[in-house]
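In what follows, structures are represented as C-alpha cells.
Each of the two complexes below includes chain A, the first together with chain B, the second together with chain C.
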Partner chain A sequence: MQKIEAVIQPSKLDAVKDALVEIGVDGMTILEARGHGRQKGHTEVYRGREYSVDLLPKVKLEIVVTDEMVDRAVSAIIASARTGTIGDGKIFISKIDEAIRIRNDERGEIAL
Partner chain B sequence: MRVAVVKVFLAFLLVLGVGGPMLAGQAALAQAPAATAPLSQEDRLATVEKQTASNATAIAAAQTSGDNGWMLVSAALVLMMSGPGLALFYGGLVRKKNVLGTMMQTFAMMAMVTVLWALVSYSLAFGQGNAFIGGFHNAFLRGVGLAPDPAYAATIPLQTFMVYQLMFAIITPALITGAFAERMKFSSMLVFMALWSLVIYSPMAHMVWGKGGLLNAAQGGWLPCLDFAGGTVVHVTSGVSALVTAIYLGKRLGYPKEPMPPHSVVLSFIGACLLWVGWFGFNAGSALSAGTLATSAFVATHFGAAAAAIGWSAAEWMRQGKASALGAISGAVAGLVAITPAAGFVTPISALWIGLMAGVFCYLMVVKVKAWFGYDDSLDAFGVHGAGGTLGAILTGIFANSAINPIFGAGKATGLLEGNWRQLLNQIGGVAIAWTISIVGTLIILFVVDKTMGLRVSEDEERDGLDLSQHGEEGYDWAH
Partner chain C sequence: MQASESTGGERRNLYQRRMLEIRGAFEAGASGTATLAARTSAADELVSELWREAAQRNPRLAAGVSLLAIGGYGRRELFPYSDVDLLFLLDAKVNEKDLKESIRRIGQEMWDCGIRVAQTVRKLAECERFSEENAEFTVALMDHRLLIGDAGLYARLSDETMPKLVERDRDRILDRLLELTRERHAKYGSTLFHLEPNIKDCPGGLRDIHVRGWLKMLDGTMADSVTAAHEAEFRQAVEFLRMVRCFLHYRHERDDNTLDWQAQDAAASMSAGVAGDRDQSVDAAYWMRIYFRHARSIERALKRAIEDLPPRKRAKKFTLKRDRVPETAGEFRIERGQVILGPSPSGSPGEDPAHDPDVVLDIFIAMARTGCTLGRETEERLSQALGLISANLEEGTPLWSRLQEILVGPQAGDALRAMHVLGMLELLIPEFHGIDALVIRDAYHRYTVDEHTFVLIDTLHGLETTPVASKLEWGSRAEWASRFGALLRELPHPALLYLMALLHDTGKGRSTGDHAEESARMARGLLARLDLDSYESELVLSLIASHLEMSSTLRRDIFDAETVRAFAGKVQTPELLRMLTLFTYADINAVHPDALTPWKAENLWRLYIATANYLDRSVDDERVGAQEARELVDRVSALVPDQRAAVAEFLEGFPERYVLTRSPEQIRTHFNMSERLKEDRVQLDFRYAPAFSELTVVTPDRALLFANMTGALSAWGMNIVTADAFSNRKGIVVDSFRFTDTFRTLEMNSSEHERFVKSIYDVMTGAMPIEKLLSGRRRVRRKAPKVVVQPRVEFNDEASSHSTLLEVIAQDLPGLLRALSLTLAAHGHNIEVALVDTEGETAIDVFYLTHEGAKLEKKQQRALRAALLEAMEENAR
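Then we have the complex of A and B:
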C-alpha cells in the first residue's frame, strides 16, 4: 500500500476526482490548503499599501492505493491536473504500513 | 349558456357600481336648492372667515405632515449610516480577529450617545445659551415637545428635530473609531466618547447650528459660516480628533511591517453603499423640510459622491495601474464628506467639481501624506473625513450660490464665485475653530482617560484581537 498526496489547483479538483473514480479509486480525502512552491505569490494593494500574498489557495488530495494501482493513479492525476503553467502543484508518494477499517477492524488492502 | 349568465351578472355589477353613486349624486343635486335660506351679509362673512381659518389650519397641517414624514425618514436613514453602514464599512477593513470589536464601537455609540442626548447633550447643543455652548434649559428633554420651535424648523415637531440631530451626534464619534481601530480598550473607548460628545460635539453643533451660535449663518452669528449638513460639525471635528487619537495612541503592534489588509472588502462595499444611500437623509434632511431645498441638497449629494468615486479611481488607476473596489467606495465616501457642508448651497455642476477634487485630494492624503508622516490612522478617518471635510467646508465658501439658497437675503452674493470673497475667509475661520477645539479638546480627554484608566489594550490582548479580549466572542467560527 502506498499513499499519494497531490497538491493541485482548486479549479482542477473535479477533473482529478473524476479521473480517479474512473480508474477505480474508491476513497479519497480532500483538504483545503494554502501554500506555494516556486510559483510564489502575488501583490495586493489596499489604499496604496502593497501586501505580498505568498500563500495561495490550493487543494490537497490524499489517497491510499495498492502498489499495483500507484502508477495508474499518478498518471490519472497528472493527466487531469496539468495546465502546463507554474502552480500546477506536486505529487508525493510514501509507503503505508497498515490500513484499518474502523467499522469492522478489517486490516490491510481489504480495508482500502 | 353559462357564459351568457356570467355576462348578465357582470353587467348588473357594473350598473350597481357606476350607476349607484351617479343616482345618489343626482339626488343630492336635487336637494341642494332646498337647503339655501336667505343669509345676512354678516353671516356670510362669518362663514367665509371661518372657512379661511380652517383652510389655513388644514394647509399648515398638510405641510407639517409632508415635512415631518420626510424628516422622520431622514432620521432613520442617518441612523442606518451608523449601523449597519459605518459598522460594515469599518468592520470589513480590519483583520478578522477585530471585526466584532470594531462594529461594537459604532453600535455602542447608537446606545450611549442616545442616552446622553436625552440627559444633557441635546440641551448643550441646541438649548438657549451663549455663543459657544447651549445651557441646561432642555436637560432631560424638558420643553422638547411636539410643538415646533420656529428658530430651528417651523413646520416639524421639535422632537423630530431633536431625534434627527441625535443621529448626527451618534455617527460623529463613531467616525473617529476608524483611527484607533484594533487597539483601544472598550471601557476607555466608552468614557472617551462620552466626554468627546459633551466637550467637542455639543459646543461645535451649538456654534454652527444652535440659537445665537458664533458661526450660525442662518441666525446672524458673529462669523457666519456655511455648513449645511455638518462639514465642520461632523467631519472636521471627527477627522481631526481621529488624527490626534491615532498619534496619541501610537501604532498598532507590527505596523507598518506586518501586513494588515482588510479582511473583507465585501463587507466594506456593502457598508459604503449603505452610507451613500443614508447620506440622502443626512444632507437632504438637513433642509429640515421636504421642500425644494431638500431636492437641491439631494441632487448635489449624489453628484458629489459619483464624481469623487471617479476622481479617486482615476488617480489610483494612473498611479497603480488598476482601479480597485476599495478605492472606488473610499472615493464615494470622500465625496459625500466634502459635499456635506456644500449640499443645499451649490448647483449640481458645482457638486461635480467638489466631488472630483475631493476624490483626488483624499486619495493623495490617504496614500501619500499618511505614508510621509507615518502615523497609523488605521482606517483613514482623518484622510477621508478630516481632509475631505476641511476641503468641502472651504470649497463651500467658493461655490455657494444665492440662487440655490439665499441665506443672506434674496439676490445677495453668497460665495466667492458670486463676488462675496469674505465668505471664503469666514469658512476658513470656521474650519480653524473646528480644528482648534478638536485638537485641544481631544488631547485633554485622551490625557485624562489615559492617566485614569489607560487607553490601549495589553500587547497580548492586541495580538488575540479585540473580539476575544474585549468581548469574549469571535466574529467567524468556521468549525461549527
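Then we have the complex of A and C:
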C-alpha cells in the first residue's frame, strides 16, 4: 500500500476527483491548503489598499492505494491536474505499513 | 455452579424472547408508549429476580439497602436500547464493601442479558448533596422509583431527603438545568430544523420533554397556564417522538437516535405515526414535516415552561437579550422582553388591534429591533386573527416599507422565525410556503431550507455588527467577518439584500430543474405586489437568479483573468457584485457551522477584489459595436417600435457598462431625450426618492460639462454617492448622478423640485454662471471624519487601449468631485468615462482620460497628479 499526496490547483479538484473515481479510487481525503513553491504570490491593489497574496490557495488530496494502483492513480492525477503552467502542484508518494477500518477492524488492503 | 449457570442461560433466553415479543408487538402497531412500558416491566421483573437471588446468598441485602430505578428507567420510559440506570441506596450503617459482590453479580447478569446497565451506589446522606459538576445525578434522581429492597429507607429518600434538597437548592438546580439545556441546544445550532436530526438531543427532542417535566417538578408553584388544546398537541408530539425513537432503536439495533435519510425513507414508506392507513406510504419530505411540526410543539412547550418560571429563577443567559426596559408603542407594550398586545379600545371585537395589519407588523418590527418575543396570549390572539389580518392587509409600498424595517432589524432572523411559526410570513409571502420545513438531501446542508434561510439572514446581521478585527486575529474568521462586514455597512440598500436572501431558495419548493431561476420567477410576483421600483426589483431578481454564480466561479481558477472576466460579465455592476459577495459569504456559512473556513473566505475576497477591479478597468474598451449589440438593440427597440435604426445609432459606442447597468425602460428614456436634443440641447431627467434621488443629463459633450454638473449639485447641498458619465460615438453624453439630499430641501418642499431642476438646466445652458450659484450656497458643516483616508492618485495605461485610467481615492468631502473635474478641465483633459463611487467615508473616483484624442503622456500625468493633490488639499480646508 502506498499513500499519494497531491497538492493541486483548487480549480482542478473536480477533474482530479472524477479521474480517480473513474479508475476505481473512490475514497479520498481533501484538505484546504495554502502554499507556494516556485509560483510566488503577487499584490493586488483594491481601492487604494494593497492586498498581498504570499500564499496561494491550494487543495491537498490524500489517497492510499494498493501498490499496483499507484501508477494509474498518479497518471490520472497528472492528466487531470496539468495545465503546463507554474503552480500546477506536486505529488508525493510514501509507503504505508497498515490500514485499519475502524468500524469492523478489517486490516490491510481490504480496509482501503 | 452448573445449576446456576443453566438458570442464567434460561433467564437470558427468556428475557431475549420477551424483547422479541415486544419488538414484534411494536412492529405490528403497538404504540411507543406501550413499548416503553413493556420493556420497563420486563426489566423490573428481571432486576427483582436477580435481587432475590442475590439476597439468598447475601443476608446483608435484607435491610438498610434499597434498589431504585432512576433516570428514564425511573420514569418507566425504557426505549428498546436505552441504558438502565440503577441506584443502590444505602443506609448510613451499611458497609458498601459487604455488598460489592452482590452488586457486581447483578450487573454482570444484566450485561449477559444484553442490557447496558449503569449502577450507582450512594448513601442516603450523599443523595442530599447537589453539586454543579455532577448535576446530572441529581436530575436523574428526581425520577426515582423503588424496585425492591428496604421500603422504609426509600420512603426517607422520597419523603424527606428529596424535598429537602429541592427546597434548599432549587435555584442552583434550575440554573444548572437551564444552562445544560442551553449548551445542548447550542450544540445543534439552537435549531430543530436539521436535515438529519437527533431526535433525543436536538431542540424539540425527547430531552426537552424531560426538561419540561423537571422544571414542573422543581417549581411546584408554577402557574399551569397551558390550554387544553396545547396540552393535547403536546401529548401527541410526545407519543410521536416515542414511537420514532423506538423505531430508530430497532432499526439501528442500538441507542442511536439520529433520524438519518435512510430512516426517514423507511419511516415514510410505512407512514409511521401518520393517522390513517399504516400500509399506505407517504413522501419522506411530507413525513419530515410531520416530525418538525411535533418537534415545534415540544420546543414551544419547553419555552413556555421556562417563561412560566418566576423571573428570579430564570437563568440570566436565557433572557439576556430580551429583558430590556419596557417599551410602549400604542397598541402594544413590551414587558420583560415580551410583546403584550393591548385590549380593543371599546371592548368590541371589531376594534381588536390584533386584526390591524399595521399593529401586527409593528409588533414584528419591534421584535426585529429588540429581540423580544411574543407574549403567550398575544401569540394566541394573532394566531386566531390571521384570517382577518389577511383580509385587512394592504399591499404595495406600505407593506414593503414595513417589511424592510423587519428585514434590517438586528434580530430579523428571530422575528422572521416567529412570523413563520405563526403563519404570518406565509400570509405576506405565500411563496415561502413551499420551503416550510423542507428537507433537501445533499451531503453538505445541515438545516431545512427555511431554517437555512433564517441562518443566512442571521449571518448577515452578524456581519453588520462585527467590530474591526485586531491585528491578532488576522487570517482568522474574525478578520474575514470584519472585512465583509465593512462591505455590508456600505451597501446603499441593505434591505434589498435581505429580501433577496429571504427569497433565494423559494424555488426549491417546486420540483423544477434550476431552483435559482424558479425562485426568481416566483419572486417577480411578490416584488410587483410590494411595488418595488424597476431598479430595485431588477436588482433583487438578478441576484436571486444568479445567487449560485459566485460559488461556482470559486471552483474555477480565480487567478485566471479569463475566469474573472467571465464572472464580471455575469454580475455586470459593482453594486450587484458587492451584494452577491455578501450573499455568498452568508450562504456558505448557513450551510453548515463549519462550512465557511478562512480558506474559503479568503478566496471569496480575492474573487471580489479581482472582479471589482476588472469592472472598473474594463469599461472603456468594452463598447457597444454595430454588430454585437443586436440583442440590446432588440430589447430597447421593442419599446420604441419603428425606430430600430435610430436606437442602434444612439447605442453605438457607449461602453457596455452603460447598457448593462440600465433597464431597457431607462435606456428608452435616454434615447427619447437624445431625440429631443434638436429642439433643446440640454435634456434633464430627475427622479426624486427619499433615500437617493437621481438626475440624468443627456447633451452633446463639451468642456466643463461634468465639472458644472457636480458644481450645481453641490451648490444645492446634494451629496453625490455614485455617478457615471458615458458618451456614444456621436459624442452624446449620458451623465447620471445618484445623490442624497443633505439639507432635505427636496424632501421638505416638493415645490422646490421644479426650481432645483430649472437651476441645473440654467447652469448647463449657460444662462446662470455656476460661480453665481456656488457663491450663494450653504456651507455644509464638516464633521470630523471617523476614518482618515489618505488621498491617492494612480494612473494606469494598460486598462484601456486608447485612454489613461485615473483612480483617485480620497476622503469623501463635499465639493471633492467638482474640485477634481475642474482640475481635469483646466489641464485640457477630456473625460471619456467617469465612475464615481463612495464606500463609507472613502470616495473612489475613476476617470478614463484622453488628451487631444490620445492617452496622457507621463509628463502630463505627473503634472496632473500634483495639481489634483493640491486641489484636494484646497477643498479639504
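Quick note on the criterion: the second predicted complex is superposed on the first by the 105 of 112 C-alpha atoms of A that agree within 3 Å, B and C clash if a C-alpha of one lies under 4 Å from a C-alpha of the other, contacts with A are read in each partner's own complex, and residues count from 1 in each chain.
As a convention for this text, contacts are C-beta pairs under 8 Å (C-beta built on N, C-alpha and C of every residue); 3 or more make two chains touch, one makes a residue touch a chain.
All figures in this text were calculated on a predicted structure; none of them were measured in a lab.
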item	value
Partner contacting more residues of chain A (chain B vs chain C)	C
Partner chain(s) touched by A:P57 [first = chain B, second = chain C, both, neither]	second
Which of chain B and chain C A:G24 touches, first, second, both or neither	neither
Touched partner set for A:R34, first chain B, second chain C, both or neither	second
Touched partner set for A:G108, first chain B, second chain C, both or neither	neither
Contacts of A:L13 with chain B and chain C, given as first, second, both or neither	second
Common interface positions of chain A, toward chain B and toward chain C	44-48, 51
Residue ranges of chain A touching chain C (in the complex, touch as defined)	9-11, 13-14, 32-34, 44-48, 51, 53, 56-57
Chain C residues touching chain A - in the complex, by the definition given at the top	555-560, 563, 597, 599-600, 602-603, 605-606, 609-610, 612-613, 789-790, 792, 794, 807, 809, 839, 842, 844
Parts of chain B lying in touch with chain A, wherever the complex brings them together	256, 259, 261-262, 265, 316, 319-320, 322, 324, 326-327, 330, 363, 366-368, 371, 380
Chain B partner contacts - residues on chain A that touch it in the complex	44-49, 51-52
